[in-house]
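The letters A, B, C, D and E name the chains in turn, as written, and every chain counts its residues from 1.
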Amino acid sequence: MTVDVQYYVLLSMAVFCIGLFGVLTRRNALLFLMSVELMLNAANINLIAFAFYHGNLTGQLFALFTMALAAAEVAVGLGIILVLYRNFRDVDVTVPTTMRW
Amino acid sequence: MAVVDLPQWLALAPALILAVTALVLFAFDSINPGSTNRTVLSGTTVIGALASLAVAVWYAAAGVGATGIENYGVIDIMGGQFVVDQLALFFMIVVAIVTALVAVASHDYLRDHAYQAEYYSLIVLAATGMSMMAASNSLVTAFIALELTSLPSYALVAILKDNRGSVEAGLKYFLIGALSSAIFVYGVSLVYGATGSLQLESIAANLGAAGELGGLLGLGILMLIGGVAFKTASVPFHFWAPEAYEGAPAPVSAFLSSASKAAGFVLAFRVFTTAFPLEATTAVIGVDWTWAFVILAIVTMTLGNFAAATQENVKRMLAYSSIGHAGYVLIGLAALSTPSGDLVMGAAMIHLFVYGFMNTGAFLFVGLAEHWGVGRTFEDYNGLATQAPVACAAMAVFMFSLAGIPPFGGFGSKYLLFIHTIEAAAENTALLAAAAALVINSTLSLYYYSRLVKALWIEEPLRERDALAKPTGLYAAIVAAAVVTAVILAAFGPITDVATEAAATVVG
Amino acid sequence: MNDWIAIGALALVGVLIPLGMMSVSSLLRPTVPETSKRATYESGEVPTGGTRIRFNIQYYMVALLFVVFDIETVLLFPWAVAYQDALESPEISLVRALGPMLLFVGILLVGLAWAWRTGAVQWARTADQLEADRQ
Amino acid sequence: MMIEALIAVALIGALVTFVAPNRIAGKLAFAISLVPAALSLWLFAAFDGSGNALRSGELAFESQAAWLEIGDYSISWFVGLDGISLPLVVLTTILCTLAIVSSWTPIDERQSQFYGLILFIEAMLIGVFSALDFFLWFVFWEAVLIPMYLLIGIWGGPRRKYAAIKFFVYTNVASLVMFGSFVALVFGLGDVTSFALPEVATAMLEGGPNGLFGLSGTTLASVVFIGLFLGFAVKVPIVPFHTWLPDAHVEAPTPASILLAGVLLKMGTYALLRFNFTMFPDQVETYAVPIAAIAVISVIYGAMLALAQTDLKRIVAYSSVSSMGYVILGLVAYTQFGVGGATFQMISHGLISGLMFMAVGVIYNATHTRMVTDMSGLADRMPIAVGVLIAGAFGYMGLPLMSGFAAEYFIFFGSFGSEMLSYSALFTSLAMFGIVIVAGYLLFALQRTVFGPYRLETDYEVGRAPAHDVASLIVLLGLVVLLGVAPDLIFDMITDAIDPIVQGGDL
Amino acid sequence: MSGAQTATATPALPLQDTVLLPERIGELTGLDGFGLGGELLAAFLAAFLIGNLMLAMTGVAGPWAKRKITAAFTDRIAVNRLGPAGLFIIVADAVRLLSKELVIPENADRPAYDLAPIVVASSALLGFAVIPMGNGIHLADPEVGLAYVFAVSGIASLGLVMAGYASANKYSMLGGLRAVAQNIAYEIPLVITGMSVVIFSGSLQMGTIVAEQHDTLVTIAGIDIPTWYALINPFAFVLFLVANFAEVGRNPFDTPEAPTEIVAGYQTEYSSVYFVLIYLGEFLHIFLGGAIIATIFLGGPAGPVLPGIVWFIIKIWAVFFATQWLRSAVPRVRIDQLIEIGWKGLLVLAFANLVLTAAIVGLIA
């Protein structure tokens, strides 16, 4: 039982749009981060689906790299959010507006 | 020279040297943690950067990647995942130069900072990523290099942990960066879906096979443009730039606005010339993607310059002006549809090269001002020339050069860009608008650049300042950048040759 | 027969069994509503303060380290799988087969050493470290 | 290599002075500036060129080196002197030296930066007059602005910031227009392979441009001609683009005014001669009448404005507007004497206006006022300086034995007999009327300030002018008189360089 | 297709279950004639079988075997009233626990509080899907089996932290945090050591791994010593064993629920069936760890005379016995020691093991 590739694409696009929506609407930095991860995983869905579709492994390989980089990104992001909280006592991305420091 | 005797993978040496330097710094910090021996750390960084610069220049001189008979031609590594040609070497050189300048300046700027080794190793890691980006010839390596550049940059921007501005800047930079990299990856996945490959040449080869997936390809290209726009701080992903550059420590701002921008552009140049040759792509997706760049270029430069003209804060002004310059360079991509596209791209590359000096120097001067603690608005800078004439003379050089006034380097590069754009406009009249926008914006930029010079040299200080320190490192970096900016026009001959050659190799 | 169908089935079972037990017990067990016994257990004392306590930052540090290391190990799996075949195939030298992994692990270990030395994986500070902090 | 040596000496001198201590900066700069002056005089003596630089003439001290390739166009370092540019170079070096001397007294802060900038300007000016490649020439042309902007802005009078910005913006926009039109011209000329001025000029004579962006060749030529003319007109300045000049002059410190009036204005006329009147003979013929009209208007209007002023510096400033009008008139006459006279007028006006500004500066240093109404009878307090001032004023009025006389004589002679310029007689006579006004306001001003009983509103003790100022004044006066009695010193080489143009024009 | 043919088709790998349990059930019950629906039903039946097998084992182990073993170590007689050797205590305990009142602490985070036990229990159960238990009792054999097992068993720590956070109790909070810290600290050594096995087998498929261990290493006195990876690479075996103990949170690594420090850790506030489920989940995890060890180090169901499933259960119980032994034999390590052993000791050893294994294999080949 195999599923046509365009369904995977539709799925991934749905996931991507959900993530994008979260990015645009959420004000909590952590939720923002999760939404971005969602978008990255949408890309992974695409890559793996297309890897089967085209019958070469490039996509799967790249998906691995994407995961690794996403993890590293999360690590850095959480660090930044932590210092953000220490400085502003909040993780709301709209709070810090003290750019004229 | 003995380049051919070296193993192939050593063609990446400029990037590898940087990576090794980063590891050495890590090892040093592991051996005695929390060391604040600034001289050793920044010294190591500078040595590494200069070594990478030397190797890159040597390769370029030896003709690695140059097309022709008497040299070694383009070097493919890992089955075309990386390619070392003149374009790569050119930008490796730019990155190495900026890294060295920034490292020298940081020696004083981060005098009493807790995380010395971390700072320098992050700088070098980011530089490694940029060098890799210059050589990456596949969307996989491109994305990895992109992230290798971005992740340390996020940390660098926010490295002043207890400084609210720095942290806020870091947050905004990170959020936009994460978003844009997600969009970039999604674009990559779509391109892969359409062509079934991620290596640039084979993407170009398989464009025809896209068939009914052409729509996906178009969307993917659009998303790739988005990802690149973030790195180069151009519309529509520009709005992080002012915040990040203003909040970040000045050397980091210099690093990002010069080297990171250049890296983003080399990525754009390579991807859009190699992977998406115009005719084939247009045949598949039905639109000529240079139009996107024509519009982006004009919008970016106009927006950047007008925003910069309204700033009161010097660092912020420089940030917006760097957006404007990104717009100038985008013309290099916009003109690719014309026969003289390679010339325009070469001019854009030269502008990035010169920009690497003048913009870095300008930000480093701001760093010097922060080091002095004189404040950040134009008024705060009033009359600095009476106390520090040399540094202020250097800053005047940077400002006039950025504004494109002779006899400084910025004039030369803008001149080339303008001439070639006019030349190309004969084919594609839309470029006439771009050229006009270039001239008008340069004139406008003169207003706020000269405003700073006026503040430095002509105005009287608002309040009494006590004597200003003369930090060796910062001064050395600034003066070096200024000297190069002032005399580089004389050496334009070889630089233009290299740049045009490099552009020609990718444009083909 | 697709493996994943079976696995999905087991997942279903894995959820159904606990749910079944819960329902059974909800039929059997008595309910004597009485607020005092619902109080948070603190060794029989009256509960003090909230439960959202601030805990050691080290939990966070090791979590971050884990995120990175775990993902890096994922990148090692393909190598491990391919290693035998690489050795058997004549045209790939041992260095070609082994070198990349050694490099990869080496870089990882540099990172680990750095984390080790900078105390990222150290739970409690030793006496002389505290002494050093005071100065 | 002599020209490179000139520029290099001035540049290195500028750097040295910039970092030198304020105390010795003035003397040091003077010592350094003597070298280019001497060198330029030696060049003058050893001049062996002939013909016009742009009309395949024999260039003196020519040197050329490939610089960079712009697509199909090559840019080179290309410098050389002919009969037109050499006198201007000499004028530049001499005036710079004297300007340095004259600023010993008034400049009392940030001296090292001041003198450094002066020397930098000197280097750039030499470059402007000797460069023969458009790119190179434009680099020098623009580079002159920066130091002048700073000179006015830092050491100027009360409204210096406004004046500096106005000067900067005006001239920058102007040069942008000029730049754009010239680039368009080069692209319009299909067959040129470089930005070297001689090549462009030759190409222009051999048929001119063959169109660009839908413009036909001739239209393009006219557009470019007008664009260039406007660009240079601001620099000259010609009415109605002159408004930056009085502000700049009044606010600028005396040495800056000397350079501004003495040399910077000549950049404009020099460029007009080199570009418009050498490359576009046909367009010159077409637009001769309006240009002449503008010239005459400048003469009369400038003089009128000068008549209305009570500030000595403003008077001189406006009067130089009117003198520039003579130059334009001479150029547009397009005869040997007309163009030659115009060139000669550049030199002589450079000397005389320099002299006037210097004298006014000396007076100002003593009295701290420039208002005609504030003083009178200075003659018995500072006889020599005032004497020189009067002499210079006579030079302005074009009295015989002064270079001004020779210059105006040549111009009127040339323009009166011009075949190309219609109504030439009318224009000439109108322009001549300007002299009367000049005489009017100068005599009026002098009579108010110099003669009569001594009176000074500001309470300063006026004594004899310092020796070095007097010395430089006398040197200038000497030169004026020298050119007045022996114009052939330079007029021969000028005409030698002019003839190819005017003949080419008459073709 | 019938199992026999495929079995003959690939004689190269004996012991590899060419016919998996669902298919076999499909054939036996004739469900394989009913297309997708039949497949689904067969799969469900198979899953149900395995699930209950495991439940039975834990049911025996939790209330009975645990007490017996501990008692034996402390020279006591544990439960012996109900039934032979007190075996019926199992039933009694089950009824007792199920019929206890469920006390939900105030300000508990309700959905998480209810979800945690299910997650803990089912995550452990999921792991058994890919374990070959001999005699064709093998639910599924995907190519990524090993990675799958690691991934699924990792879910448990999520359940634990949920429990710890949701019960709004300081002890639970600390217990949950400790559980996570411990799991992640020992996850990496575990995975990397497992990788050193993959180097030998060249595949992540459990069936292949088992089959690869079937060859004869040496023959001593007529007895074939098979190429169990525990014998080929004992170092890795020990490492894996230790890491596994930490993963399942048994002595000496039972800090997450250290009764003398934080009462009962994450399960402090749990009672009645919820407690049963968590308790169950822990035992399932012990068995799962045993199953993994048996599969990738002890040749899975391989063994003389007795049928495979029996050998398999013996091996699992051996591991379980070891845990109980350690429980009564060795003291508990402090949390800081625990973490630092994991990061500074085991991780480095695991990397060393991987590199050395790879190097030696490469040199031999």
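Observations on the structure shown:
Rule of thumb we're sticking to: a residue touches a chain if its C-beta (ideal position, glycine included) is under 8 Å from a C-beta of that chain, and two chains touch if they have at least 3 such contacts.
Composition by chain, UniProt nomenclature: A = NADH-quinone oxidoreductase subunit NuoK; B, D = Oxidoreductase; C, E = NADH dehydrogenase.
Since the structure is predicted, the reported quantities are computational estimates derived from the model, not experimental observations.
Common partners of subunit C and subunit E, by the touch rule above, are absent. Note on connectivity: the fewest chain-to-chain touch steps from subunit B to subunit E number 2. Using mean Cα coordinates as chain centres, the one most removed from subunit D is E. By the count of C-beta pairs in contact, the leading chain pair is C-E. Chain-level centrality, scored on Cα centres against the all-protein Cα centre, points to B. The most distant chain from subunit B is E, comparing centres defined as mean Cα coordinates. With centres taken as mean Cα positions, subunit B sits 26 Å from subunit A. Computed centre separation for the pair subunit A/subunit C is 21 angstrom, with centres defined by C-alpha atoms.
In terms of their C-alpha centroids, the spacing between subunit A and subunit E amounts to 33 Å.
Mean C-alpha positions place subunit B and subunit D at a centre distance of 43 Å.
Residues of subunit E found to touch two or more other chains are absent. Shared contact sites, meaning residues of subunit B that touch two or more other chains, are absent. Shared interface positions of subunit D, defined as residues touching 2 or more other chains, are absent.
Contact between chains, per the stated criterion, is found for A-B, A-C, B-C, B-D, C-E.
Chain contact summary for the complex, subunit A toward subunit B: residues 5, 9, 12, 16, 19, 23, 29, 32-33, 36, 39-40, 42-44, 46-47, 49-50, 53-54, 56, 58-59, 61-62, 65-66, 69, 72-73, 76-77, 79-81, 83-84, 86-88, 93, 96-101.
Per the touch definition, subunit C reaches subunit E in the complex via residues 1-15, 17-19, 21-22, 24-26, 28-32, 35, 37-43, 51, 53, 55, 58-59, 62-63, 65-66, 69-70, 73, 76-77, 80-85, 87-88, 94, 97-98, 101-102, 105, 108-109, 112, 115-116, 121-124.
Residue ranges on subunit B touching subunit C, taken from their complex, read 23, 26-27, 29-31, 33-34. Looking at the complex, you find that subunit E touches subunit C at residues 20-23, 26, 39-40, 43-44, 46-48, 50-51, 55, 95, 97-107, 117-118, 121-123, 125-126, 128-130, 139-142, 147-148, 168-174, 177, 180-181, 184-185, 187-188, 191-192, 195-196, 198-200, 202-204, 263, 268-269, 272-274, 276-277, 335-336, 339-340, 343-344, 347-348, 351, 354-355, 358-359, 361-363, 365. The touching residues of subunit C, counted against subunit B in their complex, run 107, 110-111, 113-114, 116-119.
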